[in-house]
Structure formats: C-alpha cells, structure tokens
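One chain, subunit A, appears in both complexes that follow, with subunit B as partner in the first and subunit C in the second.
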Partner chain A sequence: MNIDNGYSAKGSSVIGKPLIRQDAHDKAIGRAKYVDDRCDQGALCVRILHSTVANGIVKSINTEEAEKIPGVVRVFTCFDCEKNYFPTPGHPWSVEKSHQDIADRLLLTDHPLYYGDDIAAVVAEDEVAAAQGIRALKDQVEYEELPFVLDVFDAIKEDAPLLHEKYPGNILAHTTINQGNYDEAIKEEGLIKVEGWYDVPTVQHCHIENFECFAYGEGDDRYVCVSSTQIPHIVRRVIGQALNMDWGKFRVIKPYVGGGFGNKQDALYEPLCVWLSMQLGGRCVKIDVPREETFVNNRVRHGERFHLISWLRKDGTLAARKYEAWADQGAYSSHGHAIAAKALNACPQLYPCDNFQGDAWTVYTNKPVAGAMRGYGMPQGSYAFEAHADDCARELGMDPLAFKRLNLMPVGFVHEFSHNELYSDTFNQCFDKGDEIIGYTKKYNEYKKPQTGDVRRGIGVATYWYNTAVYPIALETSSCRMVMNQDGSIQIQLGETEIGQGADTVAAQMAADTIGLTFDKCHTVSCQDTDLTPFGTGVYASRGTYTLGFSVRKTATLLKQKILDYAFELTRMQPYLLDIVDNNIIRKTDGRILMGIDELATTALYSLDHSVHLTAETTAHIKSNAYSFGACFAEVEVDIPMCRVRVLNIANVHDCGNVINPALAEAQVHGGMSMGIGYALSEKLLFDQKTGRPLNNNLLDYKLSSFMDHPRLIGDFVENYEPTSAYGTKGLGEPPVCPVAPAIRAAVAQATGCFINEIPLSPDLLFKKFVEAGLIEKEGGEANV
Partner chain B sequence: MSERQYKTVHFTLNGKPVEKNVDVRASLTDMLRNDFRMTSVKKGCEVGECGACTVIINGEAFDSCIYLAVWAEGKDITTLEGLMGPNGELADIQQAFIDETAIQCGFCSPGFILSAWEILNTGKEYTDEELRKLLSGHLCRCTGYENIFRAVKKTMLRRLGKEEEAEKVNEQGIVDTDERKPFASLDPTVQA
Partner chain C sequence: MYDLKALYEAKSVADACQLLTDHPEAQVIAGGSDVLVQMREGKRAGKELVSIYMLDEMRGISIDEDENIRIGSLTSFSNITKNEIIQEKIGVLGEAVNMIGGPQVRAIGTIGGNTCNGVTSADSASTLHAWEAIVEITGTDGVRRIPIKDFYIKAGTVDLKLGEIQTAILIPKESYENCFGHYIKYGKRNALEIANIGCSVNVRLSDDKKTLDRVRIAYGVAGPVPMRAPSAEEFINGKEINDENIKGFAKSVLNDINPRDSWRGAKDFREHMAVVMAERALREAIKKAGGEA
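Showing the complex of A and B:
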C-alpha cells in the first residue's frame, strides 16, 4: 500500500534517523543546568517537618527552641497557613466542576493523614541550620493520635478510620464496566473456571534528581518558581489555586529535569515554596527534597490487588470474565481513580469478551500518596491480566502464547468511547519478532521438559495495551511557536517538556522535515517558562511525541507558507511552485535552487522595502488517540536453594507506529525494561504495620535494579504507521515497563512450577513459595521465613 | 551550640591549584558545587548510594557526598568539567556516551562518565561481568544501563586497539549457553 503521509513522500532525511539528541553534548560535559544548578547561592533553605503519626490532629507546635537556632530565619507551622484546599495532579484543568480534580491538599496540615505528612517548615540560611531547626521542632509537636489503616481491605471495613468525610468507606471512587450478561454467561455448559488474586506493591519512581524547586519575588507582586517538573503550565495553575491568587501572577520555569516518570506530573512543593517566599518578602527560598523524603512525600505508584475470574471454553475462548480491583491511593487523592480506571478499561479491550463484569475501587489508606507513575495503572493491570492469562492457559493445558494469540484484541477492533482502532496485526507481529530474537518457542519447549538440579530455567512472554495521550477523558492540546532567525535557522517552543526522553530532539526532527530544513537548523528551546512558552500541559500519558507532532506540523506548515510567500517577493515565482529542500528554496517544476533560506531570512528581517519577522504559532486541539502495543520476552535462571532469579535474556518488541528516532526510542525501551525488572524482582516500599512509618525509604534498602541485576537489554520495533498521527507515531514512553513483570513471572513459573501471584519475586517471597511447593526443605520452622 | 569551624584546604581542581576556606562539616560535594560551581557534581542521595556525585580523587573515583571537603587537602581532584580539553575536545568516553545514546535525563551521566574514566585508565580488558560490577556503584533510572554498558565497553576495546570487536558490541544481546550458573558464582556479595 502506498501511504500518503504528506511528509515522507520525498524521502525524509531526518525522520526515522538515529540523530544525536540535542542536549547530549551539554549533558556529557557537565554543562546542563538543573534546578539546583540555577539556584542563587544566597537562597534560603527549607526543611519540612513531617508528622510522626499516621493519623492525628496537631494540637500545638512550640517553635521557640527552633527559632533560637542561629541561622534559622523563620518557622512556619500548619497554623500559619490558610485552610485553602487545592488539587495537585497534573491533569488539564476541567471547566466542568464534576470533572475537576479533588482539592484535598493544604500547604501544611494540622491533620496529618500519613506518617510523614507535612506539618511545619523551617526556613534557614543554610541546610545545616534548617536541619537543626527540624530536630529542635520534632519533640515540640503535640498530637491527638487517631487510629489509622494501612491496608485497602481493612480500609473498606465498616469500622475503619475514615480519612476524608466526603468519601464514606474510604472509597475515593468506584467504577464499573458491564458488557453482556456475566451471570447468565457462566451457566454455559462445560466451562472451566479460572480464578486468581494478584497483588502488586507500592513502588517509587526513583528519578536520580530528587524533586527540587526554588521561588522568589519578581516585579510587582509576582513570583517565579523554578521547578523540576514535567508540567510547568499546570504547576502555575495549581500555585494560583493553592494561594488563591490570579494565575498570571506566577511564572514557572522548568530547566533540565533529571527524570520524572510521573512523579513530577504533580504539583509537589511548588505552592509551599512560593508561599514561603511570599511570607519572606519575596526572598529566594529553596526546597531540596532529600532522597528519604522523595520516597514518602512526593508520590508513589499505586499498590493494587486484583481478583480475576475467567470462564473458559475447552477450545480456549472466553465465555465470561469478572474483574475486581482495589487500588491503594494513600492519604490524598492526587491522580486518584484515573489509575485504577485505566487498568479496568484496558482489560476488556485487551482480551475482548462478550460477557464482562468489572469493578474497580480506589481506596484511601494512611500511607504516602499514590499518583502517576510510568504506565499509569498499566504495569499493575498488565501484571494481573497476563499472569491470569497464563493461569488460564495452564488450566487448559494450552501453550500460553497460543492462548494469547487466540484471545487478544483482533485486527479491526474499535473501542467505542475512545474511537481507538487496531489497524494492524500488531500483536502477532510483535510476538513473531520477539520469538525470533529470543528463540521463545524452542526454549519454551525445551524448558517444558522436567528439570532437576538447583538451577533451572524458564521463559515467559507477556503483552500489554496502552492508550497514547488522554483524549477523550480529558483535554488534549498542544501549542507550538517557531521563530526564524536571520540565518534561516529556527527556534521551536513547545509546552511538551524534555525530561530525558528526547522530546526536544524529535520535535526538531519533525520541524526540519516539514519545513525542509536540515536538523542542525532546528533548535528546540529546552527550558519552558510560562511567561514565554506557549501554553501546553507538559509530558505524561506517553503523549509527547504524538501530541507535539500535531502542533509542530501545523506550525511548521504555517511557517513554511510564510517563507514561500516571502520567497515570491524575492524570486517572482508563485508560492505553489516553490518548496524548501535542505535549506534551499527550490522551484518544484524543474528542481532548480533559487536561493538559500539563509539569504531569504536575512533579507526578510532587514529589508528596507518589506521587513517581516518570519514566525508562526498555532495550537492543535487533538481529538484522537492511538493504541500502543508490544510484548516482552524474558528468559530466567532460578537458583532454587538461593531463592534468587537471574534474568538471562530479555527482549521487548513495541509497535509505537513510525519511529521518529530509533536510537532514542530504543533507549526509552531499555529504561522501561529496567524499571520492569525492578518491579518484578526487587522493588517494594515497606511500612511498619504498628506505626505506618516507611521502613526502606532510601536507595540502599529499596532495591531498584542496578547494573548487576540486568542482562543485555534488547529493544526492537514493529512499525505500523499510525494513521491518526501527524508523523505516524504513537506512545512509547510508558509502555516498555508494562509487560516485563508478568513475562518474568511466567518464566519463573516455568522454571520452578510455582505460579506466584505477587511481586516482587524477592528471595523472602520465593523462599516461602518454594517451601510451600516442596522445592526446598523448611528447616527449623518459622524462624527461617 | 558550638561555633562554626573553618579550615583552609589547598588542592588541585581540574589541573589548577586552588584554595578555599571551608566549614569543616562540609562535604566535598558541597564545596565543589557551592564554592567552585562545579555543578556537574550531582546530588542524588547525599549518603553514598547513587553515585551521581562521583569525582576523581588522585586517579580514583569517589562519592564526593560522603567525602569531607577538608580531606581534599593536597589532593588532585577532577570533576566532569575537567575532562574536556582546553579547546573543547571531548574525552573518548564522553563522545561514546553521546554516540551510544547513553545519556537521557543526564543526571547520573557525570558520575558514570568519571567512573568509566577511572576504569578505562587502568588499560585493562575487563569481562562483561567485571565491567558491570565496576560500574554498579551508580544508579540510573532512564537507560537500563544498556547503552552505558555499550559506551564503556566500546571505548575500552577501542583503547586496546580492538576496533572490530568494538563494532560488534551492540550485537551481543543474547546469552546462548547451556551452562547453568548458581547465583553465588555470579554475585560477589553472596557467600557460596
């Protein structure tokens, strides 16, 4: 088929090329500036006092001792702040009240709802004095302690302590999907019932740059906040809401960001930081969150418990399915139910079934706040769906991959609500490619044979579904400004932020292609500044490349038209006879180069006859969405006596449509795979059941994957051009993490015969499971567990 | 509360002799960042867990966050800023990080590059397992370490004149062996 995609007809010189990212050089020589690198040395340092109760009322805080400490400037407590509740999540604001995010946060609270909640802040001349101030405050807080609840199932009990009055039963939200008639369908004769409970833990993003921001006054009652955020324009709005002031009084600047992964898709401490600066006459105030507090006081990934039932026919098809899930929200709503709802919505799309009954609840507990994290509910969902699919295959005596191929979303599937469509035979293409890379079929059959010995092997495969961007749930918009310089190069400004994923580089590639410039002539401005950058909601939902593509194409097309219109004045050739190729104005009719874009741009700006500044700015309102798919193949070796899993080989194959920059895309896949390996094998945030205190909130005790936990990572692609997309591309940022944990779970199951329904598959859990399975002998009773 | 104590430290920073009066409690990270504006020295944990603050001290890579500023006395210290030549020439390992897409958010990159620099300067040829162990003091959440591994291994091979082998590094994705290795044989931190 000949695809008319409007841009690559002439054979793109930049799209699909592994070009070096624009910021690589600065980052390789240590010149790239992040928030802390931009902060004035004279900034005041803030440390925050966190509650030592998981639920309670702060009766009083005696600040006298803390204020006496040399270097302590001021101590602010929850009693100094107005009770103006505000929402924090990085969603586009909704003008409809019913769709607005829940406003349940205060700058500092007198009713801490988790161990570590923010109750006071010390502002000091340096970090040491701020820390001393906190130490002096710690014993000066008088609490009325209240009962607390840490587990979702305890939280929904009738007598459970209630976190928020407006949410009885601690249920933030409950949504359902009902298709067909589950109760009737299960009566079909000869059905096989497969039922499972699947648990995924609370984990954290662990970007290497902790969240940090600083704020200072500017001009007449305006305030600047420089923040490590994915969503500068949204943060500006939240600051305005939190301080009950006009949003235009605030200016949010985003420099280079050292990783976000969704944690920085929330307003974190920006409102507090601006407020503190405001209390101190606009002096520069900085909040540099220590690693230990990043784990607790930013956001975490929702832990979730799934209960899945499938009723299968003997031929492997699905007669009816039941889905129940409870997501652990922690103490405040943040992104709230959107995460659990995303997984619920995905399930009947990934494995369509005529009779589906699904329920998802998001439940408050007295724990750190769960928000967005790479995959937005789908690493949780994918784990449960794929583990369950493997359990179904086992029950049927079917090859799991055959079971998946049989039941997955068929080509031509259209989702009514989102209008998403599966245009290509993506699943099978991804499976085939992965099989070829890793030798799945051969190894699966080999490892199926009975294994003996301490070290055994297995291989697994899992897939996922991912929605690019947030349409139609919420607004999708992208704005872009292009300014042509005197030499014919351009600056590109976008609301989609560079956070490490490579957004700036792909935007420049797209612009270069559409206008007809070479890549080196296109400079994306990496820093967003809400005073200067056109409005955009930031990066999340794997939307960046897809959504910025629309505004880049629209703006580049407009700019090109303006250039060609001006070229008419200089060449006397009608604009429709002209094109721009490799920085030259050419006459399409004979291909002759008429002039260089540099000459045109210089003339346009300095002409005494007709001077114009060649610029363009447009907004693309996006009303489409795209499915992203892929698969992970994992081969493991399990040392049974040691209760350790080693990933031997792992490959992810993704269909993100047309790959704009293969090198950056592959690198994104590697990062997601790494996060998935940690999710599968080692990551879990632990809490003391007696107090709610976090137990492993540091990078030694919380085990994200290290260099030694990885084999070589293989990322590959199936490129089915996405027809709804400006450049044929769709989401890739989050998807790579989704299928990893279930693939590893399946591989461990094949190696050991233990189908374990929780992660991480850490040695302590494996020991318990291997003892249960009789793989290892339990010596000396409980003490060994 | 006790009076603040200061001490003057003299050391070589990126080839240039310097001196500074520092708070005796300050970390080397603090001094390099705050007093010398060497902002490539990143703070990721400040307790020696993540490796982002790595600098080279007398040829050896250290976490500068758990190294007191006053210990710098008489030392020869290199930060990432010091790796580039006087005319802007990049070190081979810097260029390799760029070419192999080993940089994403870039926050762990300075530390990684400096550790790699130390490893490469030994002139030894390490096995894959050894390289992984040598680099494991650094955490990265973006890259999955894959492209960092490629950059370091390729540079190592190139320095040893093994250009052809370096070209094949990206192809070595699959481990294809029947030999099953007990975990203890792989992990030096586990006693067999």
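Showing the complex of A and C:
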C-alpha cells in the first residue's frame, strides 16, 4: 500500500531513528535541574501534619509548643484556611458545569477522611526544625473520632459511615452499558457459564523524584510556583480556583521531572504551597514530600474488584457477558469515576459481544486518594478481562491464545462514540511476533504436559487495547511555538511536558523532518513556564506523541512557508519551486542548493532592507483519536515449596503506529513491563484494619520490583501506520504496563494448576493457595509430588 | 540534613570508650546506614553521636595468633565478601552479607553495626550464630570476649555496657575447620530486602563424606533474636546423610523456633519456610562439603 502521509517518513533522516535523547547528557552527568536544584537555599521548609484518625473532626490543635521551637516560623492549621473547596485532577477544564471535576478538597482540613489527611503545616527555617515542629504538634490535636470504612463492599452497605453528604451510599458515580438483551441471550440452549471475581490492589506510582514544589511572590500580587508536575497550565488553573483568585496571577514553572506516571497529573500541594507563601509575605516556601508521605498523601492507583460472567457457546464464541466492577476511590474524588469507566467502556470492545450488560461503581472509602496512574484503569481492567478470558478458554478446553484470536475485536471494528477504528490485523500480528520472539506455542505445549517436582514452569499471553488521549470525552488541544535563531536553528515550545518519556526529543525529530532541518538544529525547550509557554494541558493519557504531533506539524509547516517566502526575496525563485533539505534551500525543479538556512536566517534578522523574525505559533484542536494495541508473553518458573515466582522470559509487542524513536519507545516499554511485573508479583499498599493506618508506605516494605527481579526485558513493535495521526504514530506511554500481570497470572496457572484471581502473586498469597490446592502440606513443607 | 545534637569523632578505640563514658546518652555511629535512617524517622533525632568510623584499627580481616578468624567490627560487608580468608574458610558469611540491601549499603555498612543493632533479621547474625562466633568488646576497663548468643539480650538490645564498643568478631578454629555452610535469605524480592526469615546451616562431614559429624543451624526472624535450633541439631548430629534424616532434621526445627505473626509474614508461613529452608540449606552445605545430598 502506498501511504501518502505528506511527510518524508520513508526517506526521513530523523523519523524512525534511534536518536540520542536531547537531555541524555545532562541527565547522565547530573547537570539536569529538577525542582530541588532550582530552589533558593534560603527557602522556608514545610512539613505537613497528618491526621492519626481515618475519619474524624479536628476539635483543636495546640500550636504553642511547636511555635516555641527555634527555627519554626509559623504553624498553620486547618482553622486558618478558608473553606473554599477545589478540584484537583489534571483534566482539561470543562466550560460546562455538569462536566466539571468535583471540588472536594481544602488546603488543610478539619474533617480528615483518611489516616494521614492534611490538617496543619509547620513552616520553618530548615527541615530539621520543621520535623521537630511536627513532632511537637503530633500529640496536640484533639479529635472527635468517627467510624470509618476501608473496603468498597463495606462502604456501600446501608449503615456504612458516609464520607460525602452529596454522595449517598458512598457512591461517587455509577455508569452502565447495555447492549442487546443479556437476560434473553443467556436463555440460549447449551451455553456454558463462566463466572469469576478478580481483585487488583491499591498500588503507588513510585517515581524516583518525589513530588516537590516551591512558591514565592513576584511583582504586585503575583505568585510563582515551581513544581514537579506533568500539567503546569492545569496546575495554574487549580491554584487560582483553590485560592479564589484570577488564574493569571499565578505562574507555574515545570523544570525536569523525575517521573510522574499520573501522580503528577493532579494538583498536589501546589495550592497549599502558594497559600503559605502568601501568608508569609511572598517568602519562598518549599514543600518537599518525603517518600513515606508520597505513598499516602499524593495519589494511588485504584484498587478494584471485578465480577465477570461469560456465557459461551461450545464453539468458543460469546453469547452474552456481564460485567460488574467496584473501584476504590479513597477519600476524595480526584480523577474519580473516569478510571472505572475507562475499563468498563473497554470491555465490550476488546471482546465484542452482542449482548453485554455492564455496571461500574466508584466508591469512597477512608483511604488515600486514588487518581491517575499509568494505564488509567486499564491495568486493572486488562488483568480482569484477560484472566477471565483464560478462565473461559480453560472451561472450554481451548488453547487460550486460540480463544483470544477467535473473540478479539475484529479488523474494521469501529467504536461509535470515539469513531476509533481497528484498521489492521494488529492483534494477530502482535501475537505472531511475540510467539516468534519467546517461543510461546512450543513452550505452551511442552509445559502443558503433567509436571512434577518442586519447581515447575508455565507460559502465558495477554493482550489489551488502549484508547489514548481524551477525545471525545474531553478537550484535546495542543499549541506549539517555533522560533528561528540567527543561525537557522530553532527552539520549539510546547505544553506537552518532558517527564522522562522523551517528549522533547520526538518533538524535535518531527519538527526537523517537516521543516527540512537536521535534528541537531532543532531544540525543544524542556522547561514549561505558564508565562512563556504556549497553552497546553500537559502529558497524560499516552497523548503526548499523538497530540503534539498535530501542533508540531502545523507550526512547522507554517514556519517553513515563512522561510520559503523569505527565500523568494533572496533567491528570486517562487516559494512553490523551493524546498528545505538538510538545512539548505533547494530548488525542487533541479535539486540545486541555492543557499544555506543559516545564511537565510542571519539575513532575515539583520537585513537593512527587510528584517523579519521568523517564528510560527499555532494551535491544533484535535478531533480524532486512536486505539493502541499490544500483547505480553511471560514465561515463569514457580518454586512451589518456596512460594516464589521467577519470571524467566518476558516480551511485550506493541502497535503504537509509526515509531518515531525506536530507542525511546523500547525504553518506554521496558519501564511499563517493570511496573507490570511489580503489579503482578509484589506490590500492594497495606492498611491496618483497626485504624486505617498505612502499614508499608516506604520503599523497603512496599515491594517495588527491583532490577534483580527481572529477566532481560524484551520490547518489540508491529508498526501499522496510524492513518489519523500527523506522523502515523499513536500512544505508547501507558500501554506497556497493561498486559503484564494477566500474562504472568496465566503462566503461574499453567505451572501450578492454580488459577489465582488476585494480585500480587506474593509468597504469602501463593502459600495460602498452594496449601488449598494440596501442593504444600501445611506442616510438612514439601511439594506433594 | 539530620537532627543531631553533636558529633564527636573518636581518634582511637580508647578515645571512643571515653567519649561514650562522658556522653552516656550518645549513640555510636559507624557506617550510618541504620543510625541515619533512624534519625530521619525521628527515632534517634536530637541525639549526640560518637563516630568510630575513622578508626582503621577496627577494620580488616586476619588470622590471629590463636588461629581465630578476626573480623574488625568496622569491616564493610563488601570487604567481607571480597576477602580471601573469608572466601576460603567461611564463604557463607561473605555470601550472607552480600545479600544485604544494595551495593551502596554494602559498601558503607559494617558487620559491627549489623550485630550491635540487635535485630533478628541481620543477615550476618544467623551465620555468626551458626558458627558460634565470639564477640570482642572493648571498654574503659579493657577487653572482654563473649559468645554471640550471649551478646544478644533481647530484640534491639545487646550486651554493651556504658563506655563499651564492639571491636571485633572472632570465629574460632574449632568452629571453622573443615566446615562448610550455606545461607538462605527469604525476602519478597531479590535485592533491597530485609529477611522475612533467614537460615544458615553448616556441616562437618566424616572423612568418607557419608555421615554428618556436626551440623549447626541458626535462624534470623524465627524469634525476637537470632537463634540456633538445638533439637534439630541434636536430631541430625552423627547421622548418615539420607533423605529421611534430612527431612527429619528440617521438621524438627519447629520444636525450636517461634516466629512472629505479623503483616510482614504470617506465623504458619514463616514456619513452613523455616522447614523448607532448613532442608535446602543443609543439602547445599553438604554439597559444598563434598557430600551428596
């Protein structure tokens, strides 16, 4: 097929090349500046006092002792703040009231709704004094304790304590999908019913750089907030809403960020930080959140419980399906129901079925707040869907891969709401490539034979689809500015932020390609500053590469036209006869090089006849979207008496369209796979059932998987050109995490015969399951072989 | 930035003992990989510190005049692992301390700190118990030596009196000669982990490698302090190497250990692990000693 994509993909010297990322050198030698590196040494340090009850009313806080400590500047409590509720999630703002995010947060609250809620802040000359202040304050809080609830099913009971008056039954939202007629369809004769409950835990992002921000006054009544955020323009809006002031009074600066994974797609402590600076006459105030508090007081991934029923015909096709899910929101709404809804909406598309009845509830509990996290509901959903698909295959006696190939979204499938379409035979292509890489079919058949002994092996495969970006649910827009320098090089500015994923580098590759410059001439300004950077909503939803592509192409095209128009003045050749190739103005008709872009740029700026600053700026309002697909293959070895799973081999194959930078794309896949391995095997945030206190909110007790827990991670691609996209590409940021846990679950099931319906498959859970299955004798400690 | 009241840098062992006598509330700091973490958590915040980190006389590994292996208390984990004496005579200790934390912690952390902490999960502790190490303690009144099992008093408390520091750990010749050991650390991941339960076994075989002359086994996290499993040892000592005896040995550890039930690990799970680890560690130790298991 000949693709007229209007850009030089095939012969491109920049697109599709594993070019070294723009920030590699600075990051490798430690020169890249993060929030803390930019903070003035004289900044005041803040520590926050967290509630020690999971639900209650703060009756009083005696600040006297804390304020006596040398170095403590001021103590602010919930009683010092106005009760102006504000929303925090990093969604594009909606101008329609009904679509606006729930405003339920205060800077500091007198009604803590989870163990650890923010009730006061100590501002001190240094961090030691701030910590001393917190210790002095801890026992000075008088609470009226209220009953609390930690589990979603307890929370929806009639007599459960109610977290928010406007949400009876603690239900933040409930949405449904009804296709066909489920109740009638299940009456078909000869159907096989497969039913399962699938539980996924609350986990945390664990980006290396904890959240941090600092704020100071500037000019008349303006405030600057430097923050480790994915969404500077959104944070500016939220600060304005939280402080009930004009949004333009605030300037948010985003330097390099050490990972966000969605946690920083929320306004976290920026509003409080600015407010504290304001109370102190604009002095620079810093909130550096310790790791222990990052686990509790930022955001977490929604734990979720799924109840799935499939009615199967003997030939393996689906007659009817039922879906119920309850997502654990924690104490405040943040991104709210968007997460549970995303998984619900994905289910009837992944395995289409004429008769589908689905319900999803998002439920408040007295726990840390769940928000966005890489995959936005889909690691949860993918686990449940794929575990259930494997259960269906087992019930039918079918090869699970064959069952999936039979029932997955067919080529040509169009989603009515988003107009997304599956253009290529992507699922099968990903399966075929992964099978080839890892030897799935051969190993599956080998491990299917009865195994004995303490150590057994298995292999599994799981897939997913992911709807990238947020159109048509919310606004999709991207703005870009390009400025040409005296030597013909350019700066690119975008609202899409660099958070480690490589957005800056791919933007420069795209611009270089469209204008006709070499990569080294194109520099993306990594730091966003809401006073300087064109408006953009930041990065989330795997949208960066897809959406910024539109504004980069539009802006680069405009800039190129301006350059060629100016070239006419210097070369006397009509612009339509000209092109730019490798930094030269060429005449297309004979390929002759007429002049260098450097000479043109210098002349344009310094000409005494006609001086022009060559710049371009455009906004791309995006009204399309794309499906992203892939699969994970995992081979494991299970040491039954030791209750341990070792991942021997693992490979992810993705179709993210045209790959702009294979090295960065592969790295993105590796990161997602690592996160998926932790999700599958070891990560879970635990809470004391008696108090609601988090138990393992540190990197020792929270078992983030380490480098030593991975085999070599293999990431590969099937590149089906995405026809809706400016550069044929689509999202890859979140997808790699989605299929990993169900693939590992399937592999463990094949090895042991234990189809376990919850993650993580940690040793304590495996111990219980292996004892139940008779694989371990309770007292004997040996495999029953 | 740490919340400390004062830092005294000791110039010699005697100076360290004097400083600790003069500042009875002070905390000894060596590598700092535990003390600084605790200070940050607020547990030891605001304390005076006496640093012994610069006392090179407390570093290094040698064979002393009585043919003991002498490990200076400030010897870092990574230096223990790399040391030839350790590799030749008590390789299991080098392997055990190589499972602590990550490379950075192993480069700064010391065996003295690991034991003086008094925690049951210390990776060196079960091996030192199983090899009947002797702890050398120096105070203002001189030097005393005690068996490691007496050094541990209760969780978090060791036998150090005012003005005393631990200066060395000794492994007597009778303990290490012809002896081979294996350590299994059970954690939920393969690095950056504190043992959920740890098991160290060592054996001395008969000349024909068929009989277990002497077996010693010790656990970390099977009780409030590291502990031997005497009834398991009694069961196996002098017995022939065979599956039945090995399994019998493993099961009898349940008579000795008493692990906690906590959210980090249930009691029944830890008991199960203790049995599996005893069997596996014994088999590995026998193999290292040249036997077949």
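As a working rule, the second predicted complex is superposed on the first by the 777 of 785 C-alpha atoms of A that agree within 3 Å, B and C clash if a C-alpha of one lies under 4 Å from a C-alpha of the other, contacts with A are read in each partner's own complex, and residues count from 1 in each chain.
The rule we apply is simple: a residue touches a chain if its C-beta (ideal position, glycine included) is under 8 Å from a C-beta of that chain, and two chains touch if they have at least 3 such contacts.
Values in this document were obtained by computation on a predicted structure and should not be read as measured data.
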{"item": "Partner chain in contact with A:S762 - subunit B first, subunit C second, else both or neither", "value": "second"}
{"item": "Contacts of A:I776 with subunit B and subunit C, given as first, second, both or neither", "value": "second"}
{"item": "First, second, both or neither for A:R135, with subunit B first and subunit C second", "value": "second"}
{"item": "Subunit B versus subunit C as contact partner of A:F707, first or second or both or neither", "value": "both"}
{"item": "Touching partner for A:V455 - first (subunit B), second (subunit C), both, neither", "value": "first"}
{"item": "Partner chain(s) touched by A:R693 [first = subunit B, second = subunit C, both, neither]", "value": "neither"}
{"item": "Touched partner set for A:R74, first subunit B, second subunit C, both or neither", "value": "neither"}
{"item": "First (subunit B), second (subunit C), both or neither touched by A:M673", "value": "first"}
{"item": "Subunit B versus subunit C as contact partner of A:K17, first or second or both or neither", "value": "neither"}
{"item": "Contact breadth on subunit A, by residue count: subunit C or subunit B", "value": "B"}
{"item": "Subunit A residues contacted in one complex by subunit B, in the other by subunit C", "value": "128, 132, 642, 699-700, 705-708"}
{"item": "Residue ranges of subunit B touching subunit A (in the complex, touch as defined)", "value": "1, 25, 33-34, 38-40, 42-47, 49-50, 52, 79-81, 83-84, 90, 94-95, 97-99, 101, 103-110, 113, 132-133, 135-136, 138-149, 172-175, 180-184, 186-187, 190"}
{"item": "Touch list for subunit A against partner subunit C, complex", "value": "126-128, 131-132, 135, 641-643, 682, 686, 688, 695-696, 699-701, 703, 705-709, 762-764, 767, 776, 778-782"}
{"item": "Partner subunit B, residues of subunit A touching it in the complex", "value": "18, 20-21, 23-34, 36-37, 41, 69-70, 128, 132, 205-210, 256-259, 261, 288, 290-291, 437-439, 453-457, 499-502, 637, 639, 642, 644, 646, 648-649, 651, 663-664, 666-668, 670-675, 677, 698-700, 704-708, 710-714"}
{"item": "Of all residues in subunit C, those that touch subunit A in their complex", "value": "1-3, 42, 45-46, 186, 188-194, 196, 247, 250-251, 254, 263-266, 268-269, 272-273, 275-276, 279"}
